[in-house]
Structures are given as C-alpha cells and as structure tokens.
Amino acid sequence: MSNPLFAEIRHNPMLWLLLFVPVVFAAEQLKPAAHTLLFVLSVLAILPLATLLSHATESVAAKTGDAAGGLLNATLGNLTELVIALTALSAGQYMLVKASIAGAIVTNTLFMLGASFLLGGLKHHTQEYSRVNARFQAGLLLLATVALIIPSAVAQADSATSTAFLQQLSVGLAVLLLVAYGLGMLFSLGTHRDLFAGAEHAEAGEAPWPMGLALATLAGVTVLVALVSEIFVESVQEAAETFGMSPAFVGFIVVALVGGAAEMASAFSAARKNRLDLSVGIALGSSAQIALFVAPVLVLLSYVLGPAPMNLLFWPGAVVMVLIATLTAGFITVGGRSAWFVGVLLLMVYAIFAMTLYLLPPQGA
Amino acid sequence: MSNPLFAEIRHNPMLWLLLFVPVVFAAEQLKPAAHTLLFVLSVLAILPLATLLSHATESVAAKTGDAAGGLLNATLGNLTELVIALTALSAGQYMLVKASIAGAIVTNTLFMLGASFLLGGLKHHTQEYSRVNARFQAGLLLLATVALIIPSAVAQADSATSTAFLQQLSVGLAVLLLVAYGLGMLFSLGTHRDLFAGAEHAEAGEAPWPMGLALATLAGVTVLVALVSEIFVESVQEAAETFGMSPAFVGFIVVALVGGAAEMASAFSAARKNRLDLSVGIALGSSAQIALFVAPVLVLLSYVLGPAPMNLLFWPGAVVMVLIATLTAGFITVGGRSAWFVGVLLLMVYAIFAMTLYLLPPQGA
Amino acid sequence: MSNPLFAEIRHNPMLWLLLFVPVVFAAEQLKPAAHTLLFVLSVLAILPLATLLSHATESVAAKTGDAAGGLLNATLGNLTELVIALTALSAGQYMLVKASIAGAIVTNTLFMLGASFLLGGLKHHTQEYSRVNARFQAGLLLLATVALIIPSAVAQADSATSTAFLQQLSVGLAVLLLVAYGLGMLFSLGTHRDLFAGAEHAEAGEAPWPMGLALATLAGVTVLVALVSEIFVESVQEAAETFGMSPAFVGFIVVALVGGAAEMASAFSAARKNRLDLSVGIALGSSAQIALFVAPVLVLLSYVLGPAPMNLLFWPGAVVMVLIATLTAGFITVGGRSAWFVGVLLLMVYAIFAMTLYLLPPQGA
C-alpha cells in the first residue's frame, strides 16, 4: 500500500481503531463463546473499516467523472449496511435483516439529520439548505414507505393473505423500487443535474486517493467488513441479552448506528462547517438508498443466498416508525431553513422510538 | 343533429369508437352470456360516450356564464362515473360501488396527475402551476379522506359498533361533505374567484357547441351511458375472472380508468401544451368531486334506488390507499413546480397499488 | 379587591356569569342529586372563572418581563384545563382525563383555529400570518402526537405488551415531552426570540392589572375553579346520559369547549382585528401546551394524586383524531395565508369528529 492511506490513518483518529480488526479475529479463535466481548470488538473493528470504505468509494467516484461517480456513490454509499445485512441474510436471520433495514431508514432520517441540525445550529443561528434535493430524497423515501406499508396493511385488512401472495408482492415491490431508484438517478445525475448543484457528496478539501489504491482498498476492506460482520451477527443477539436489550432494539438502533457511523461523521462535520446541503444530502440520501436499493436487493438476493425467500412484511410497529420518520422529514424539510430546535425535534422523535424498543418485552420483536 | 357534432366526430379519432355503441347493444341481444366480449365492447363504447358527455358539459358551461358554468362543470364533470356507479348501486353491487369510488379518487390523484406531470415533463424541463387551486383541491380531498377514514377507524377500534350506528354516521358524513362541497364552490367560483384565475376547466381553442345541440347531446348520451353501463356492470365481474383479475382490481383500477378516460385525455393534452394549471385542476378537481359530491350523493340515493341503504365503511386496504394518495398529493403540490420525475413518483405509488390489488387473492376484496 | 377587577367585570359581559359561582355551590348543598342542573350551573360558573384566570395570568406575565412572562403564560395558560383534569384524576376517572386531553388538543387545533380563520375571513378577504410560530407549534404538536401514537401502535402490534411496559413507557414519554417543551421555550423565548416577534400572547390595548391583584386573583380563582370542577366532574357523566350524549362526546367535546372558552374568546377577537398571528399562536400554542405540558404532568402526578398510575394508552379512535388534527394543522399552516374557507375546512373536520363521537354507542368510549 502506498502513502495516502497511511497519511489518512495518521491524520484520522477513528482509523486507529483498525487495530481491533486483527484483535477481533484473534479473539474469535481463542474465545468463540465470549459473545459480549466479540460483539464489542466487532463494533470497534467495523467503525474504522466503514470509514475506509466510505473514503475509498468517494475516491473512485471522484476519479470516474460526475455521472458515473454519482452512480457509484449512490450504489456503494451504504456498502457497510449492505454487507452486514447480507451476512445476516445468509445466516437466515430475517428478523435482524428487516429490523436493520427499518432501523437504518429511521436512524438516518431522524438521528443523522437531527444531530446534523442540532450540531450545526449550536454553531450557527439559522442555516439554509437547498429544498430541491431535500424534497427529492423525501419523495423517494415516501415512495419506499408506501412499499413497506402496503404488505402489512393488506395483511391486517385480510386475514386470508397467503405467504405466496406476500412473496409475489414483495418481489414486485422490490422491482418497482429498483426501477424508481434508477429513474431517480437518471433524473438527479442526468436530465435535471442543474437543479441539484451544491448537494454533491464529496467533501471539498479532502484529496482523493489514486485509483489503484482506492480500488484495492474497496475490495480488501469489503472482504474484511464481511468477515467481521459474521462475528458481529453471530454475537449480537446474545450480547444484547447480556446488556438487557431487546432484539428489536439491537436490530433497529445498534446495527443502524454501527453501520452508519462513517456517514454520520461526514454529515456532522459538514453541518458544523455550515454546509447543511451536504448533511441533508447524506442523511436523506442514505435513507433513500437503503429503502430503494439495499432493501429490494436483499429481497431479490434472498432467493440466491438465503435459506428461504424473504418478503417485505415488517413488524407493524416498525412500519409505523418508518412512516412517522418519513412524514416528519417531509414536514421538516418544507422550509429549507433550520435552527438547533429543529434538530431537537427530530432527535426527540428518535428518542421516543429508541426508548419504546428498549422497553419492549423480548417476544415483541 | 347539426354540423358541429359531426365535425368533432371526424376530427377526434376517439369518437370513431362510437361505432361500438350499437355493436354492444346488438351483442347483448345475440350473445347475452358472452361476458368477456360484452365487457370489452362496453368499455369501447363508454370511452367515446364519456368524451361526448365531457364536451357537451363544457359547451353548456361556456354558454351559461362563469359562475353557473363552473357550478355545472363541478356537478356534471364526473357524470360518467356517477351513471356507472348508479347502475351498480341499483343492481345492489355495493362492493363495486365502493371500490369504484375509492378507485376513482386514487386513479385521478395518482395516475391522472402523475401521467400529466410525466407527459408534460418529457416535453418541458420544469413546469410551474398555481399552488392556490392545487392546495384548495388537496384540502377538499383531505376532508373527504377524513370522512372515509373515520367509519373504518371507529369500527376497528370498537367491535361493538352496530350497523345502525354506521348508517347514521354515513348519512351524517354525506351531508357534511355535500355542505363542504357547496361552500367550496361558493369560495372558488364566488367570493374568492380572483385567486383561482387560470384554472378554468374549458380548453381554449375548442369552440363550444350551440346550446340546443349541447343539451340534446347531454340528455341523449347520458341515457346511452346508462344503458351501456348496465351491460358493463353485469359483465365486469365474470370477465375479470376470465382475465384472472381480482374483483378489487376491477373495481379500483379498471372501472376508474374507463370512467375517467375523457378527463384524462384533456388533462394530458393540457400538460403537453404546458398548461399544467389546467391538468392539475382537472385531476385533483375530479378527485375532490367524486369524494365530496358523487360519493355522498350515492349514499343518499341508496335509500331510494338501492335494495338497502349503503354506508361509508370501506375495505381498510382501500382506506389506506386513499389516505396515501391524498397525503402524496398534498406533499407533491406544496412546491407548485414539476418535472418528469415528480410524475414518475406518483405513477410508482399507483403501480404499487395496482400490483397489490392485482395479486390479491379473490376473497380479499 | 381593588378597582380594575370590578372595571373589567362591568366591561365584560362574560364575567356577569360569575353570579353562577355562588349559585352552583348553593345548588350542590340543596340538591346534590340534580346532576343535570349541577352540570349546567358548573359550566356557566367555569366560563367566567376561566376568563378571570386567563386575564390574571396575562397580567402577571406582563409585569414579570418578557422571558419569565412568556414562561408563565406557557405553563399557566391552560390552568383551567389542568385543574379540571386534576380533579378528574384524583377522582380516578382516567377515561375522562384522557378524553379531555385528546379532546383539548383536537378542539384547539381544529375548532379554535378554524373558527378564528372563519371569523377573520368573513371580515377580511385574505389574511397573512407568520409561518415561523405556526410551524414551531405544529412541530411540537407533531412530536406529542408521536408520543400518543406509539403506546397504542405497539399495544396493537403486540398483544403481549404488559401493563408494566405501558407504565414505564408512559413515564418515559412524559419526561421526554416535558424536556422537549422546556427546550422549546428556551428556543422561542430565549435563543431565537427574534424569529417569534409578533406572536406574543398578550393583547395590546388591554391594561394589565397591578401585581398584587393579579396574584390574588390567580390564587383565589384557581381554588374556585377547583371547587366548581369537582361538581362538574361529578355531574358530567350522568348529565350526559340525560342529554343523550356518549361519555366520549362529553370528554372530548364538552369538557374541551368549556375548558378552552377563555382562550377562544381571545383568539376570535384577535382574528376579527386581523391579528391572525395572535389567533394562530393561541390556538396551536394551547394545543401544544396541553400535549407537551398538561398531559405529561398528569401522568407524573397520577403517582401522587390518583388511585393508580395513569398511562398514555389512548382509545385508538382518539389517537386517529389527534393524528388527523395535527396533520391537518401542518398541511394548513404551510402557506401562512388564510381565507374563510380554510376555516370551514378545519371546522368540517371537527364536525366529523363531533358527530362520530355523538353517535357512538356508549360502550365505545
């Protein structure tokens, strides 16, 4: 490996956590039954890997030009979440997969956006951001929310709905969401690119890596994330019991916070620098990407990788939370203006959800 | 009949379908059991009749002056839907009546509006439209949606709700909706007419017919629509089975598309001509009219025409769809600006609904 | 008592109703079983007391300076509702307490706001108001609505939810709401006071009372309200039966209208004077205050005053109504412009709710 990678590691304290990558592998060999330890170590190892993955993606995107780079960012931007969910999928832990999808949407929409508004607002009296990108991402999210509501609404209205119906419906919804996502990229990166100026993902000031290094990092770190995710997925449920957390809380809150840590660091730093367009773009863009790209890909891949096909029937409580998160984001971003209390409102809604899931008796997940 | 009617028939290829009007009557005499054939023929016959009805209404409206004409358009603008629903009502097919009401609201709000935005957006980079009329119609729709949610919400919350309660409530809601609709016309055509300039229903450029011809067409074509509707309503369920469609899909999607075809043609043509105010007015105006005028009139007329009184308790899945359609329209029309992808979003939500209803097992309707 | 109090009583016909305060006490001594009479008399007695309480609060607020005064108004502004609810709480009538909380939110959001828009709009063609305060209060309301939805959503999704879980959750939600309310005051009265200019609560033109009189009135009238409330709470259910009203209707509509009468008088008068900022502030501010201050305080005080702890699990029908009221207010206040029909829309939604509750069979409350 060449210079820029090591320069970044020296520069960014988060990357010092890379030390935990070999440690977690060693621990798994030596103490395969120490679930709580393995859980903590795997979280500590995933955080810096996600940061590296994020920077490598940005670097490749910066080199490949605007449209292709945007496309790359839009598909690989949530690679960490995707790899974790794929690991859980092939382990047949569909409840964890679904909780982590819903949790990532809610966490990015409420926590990442809310903390960005709060952190930015503590430094700047009021902040403005482009409504165009916010409304675009909120629109995509609204569409995905409809796709997540429908199976559960129909299943409640009709006790006669069969598994076969739910499975057909889920595949159909997955295809529709992917088509909508593709058309959305054509719109925002292609035909109406001019409307979205200023919401680019890449942080100015950060020099991109050379192409070779970036691609090698992308490949190598993805493998590492997959290996660590396996330990994470295996240990998370038992560790959660030790900490007294419900499985719903773990899937919804813990996995989502771990998977999104790298994007959160970028979003918060941009908000402090009064570049709220970037923060809003990262937060709502990540939500939309998980809802319209990661979730449908998981449904389709469950036919290949999973023990059985996965459908899109979510726990009704999760559906309500996704719906509320989307409506709140839609309500908040009408104005295109923010102050610290807007962040507090979003964080409070998130706190209500987190508290409810934390208190929920185990069988409720 | 005089010249303008024949001139229009020569000019408008849609009207060549008028040929199917005698064909469907002949087929019903000769092959009364050929449901699929009768269904297809009755659809082909209703389309041109609806177009004629629409043009005749516009012509009478244009002659009778602004306020009276607006009133006429507002009450007779969905005459086709009303006649089809009345036919189903007197046949006691309440499930079909309710599905067609909910379906018309959803189809006009999502499909007609979405396709207008898409078709307009494919020709024009971005398009502007007056928010005033869009918000007004969305507000009326919201009110109607509340009226449709409440019976189903209370019935779910309380297993003890009796049929008598639902019937009283439905009549009360019908009266409230009609009062709101009347006050809405007083507002938009009367006291605050100035705010609504530019959203008139009549297409410029099209010469209105003379009064006598218009009134004669209105009367004669209404009778023809009623007669063809009878064949349509009788054949639709059995034809649907042949095509493998669920009854819910037929009522929600097929009847709504057939009933609204004439308005769709006008809305799409206006959008291509960059007269998006007109498209939005037709699409949301039709939805509001069905929700606040057609639906309550059907409830009240069920006491006279139907075998038993009809209530406003809808299938919960339909209530969710109407609610989502209204919220989506409210969300979309905040900006007063459109591009092709806005249309895609609306059409995708519609596609999700159509797919769900298509896949739904028959007992679920 | 000194001059200004008597001057106000002479000036304000509402205060002539103070006559009924001694009358209701006398009646309770003489005819303790005449529930209908006692109910009517207690309503007539509460109305002027609420008006006095409101004026005394304003006077103390005006004297204590901006921030402290705002704080005082924000906590004591709904003192009447709080005292009535506390009386019902210590009588163990939790269903009435919950109905009156939900009812006050809905009544203030739909009826008080709607009637203000209508009354203002009948005098002025269109009216403008500051969107900042309206959006702020609507945001607080949205947060509170989420807190009221969650227990009921989780309880429906999970039949296994225990009473202990609901109780823990309710206390947690109460604390979060109070924190949010406190931070909201810090925001609107403190750090971002500049954005909220023009939405002050106090009516210009009305001279505040001297501090001593105001404080004495505040203390004395609060005691009187508490005493009359006791009679009101004891008589309301039996009187309701006499009038043929369901208990749900009484709690939701009657108690809310009686408790909010004083604020309604101020809001309506401001709307007529084209000071719509004030009307919107009073209506939405009162709703937010009941949802984020009165409701959580009641939950926490139920541990001290009530026979058993009270949770935040509401009747699902009430949850739907609060949600609809909040969404409607959010939808309506996006524009910052009003005309008479906007008021009609809000009042119609309220009428739908009132009618539904009125018709609801008794066991449904």
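Going by the order they are written in, the chains are A, B and C; count residues from 1 in each one.
We adopt the following convention: contacts are C-beta pairs under 8 Å (C-beta built on N, C-alpha and C of every residue); 3 or more make two chains touch, one makes a residue touch a chain.
Bear in mind that the values here come from a model prediction, so they are computed numbers and not experimental data.
Engineer: Quick check for you: after a Cα superposition of subunit B on subunit C, what is the rotation angle, between 0 and 180°, in steps of 5?
Structural biologist: 120
Engineer: Same or different interface residues for subunit A and subunit C, judged by whether over half of the residue numbers are used by both?
Structural biologist: Mostly different residues: under half of the interface numbers shared.
Engineer: Taking each chain's centre as its mean C-alpha position, how far apart are subunit A and subunit C in Å?
Structural biologist: Centre-to-centre distance between subunit A and subunit C: 41 Å.
Engineer: Indicate the residues of subunit C shared as contacts by at least two other chains.
Structural biologist: Expected reply: 327, 334.
Engineer: Touching residues of subunit A toward subunit B in the complex: what are they?
Structural biologist: Residue positions touching the partner: 131, 135-136, 138-140, 142-143, 146-147, 149-150, 153-154, 156-158, 160-162, 165, 168-169, 172-173, 176, 179-180, 183-184, 187, 191-192, 195, 327, 330, 334.
Engineer: Considering the complex alone, what residue numbers of subunit B touch subunit A?
Structural biologist: 125-126, 315-317, 320, 324, 327-328, 331-332, 334-335, 339-342, 344-345, 348-349, 351-353, 355-356, 359-361, 363-364
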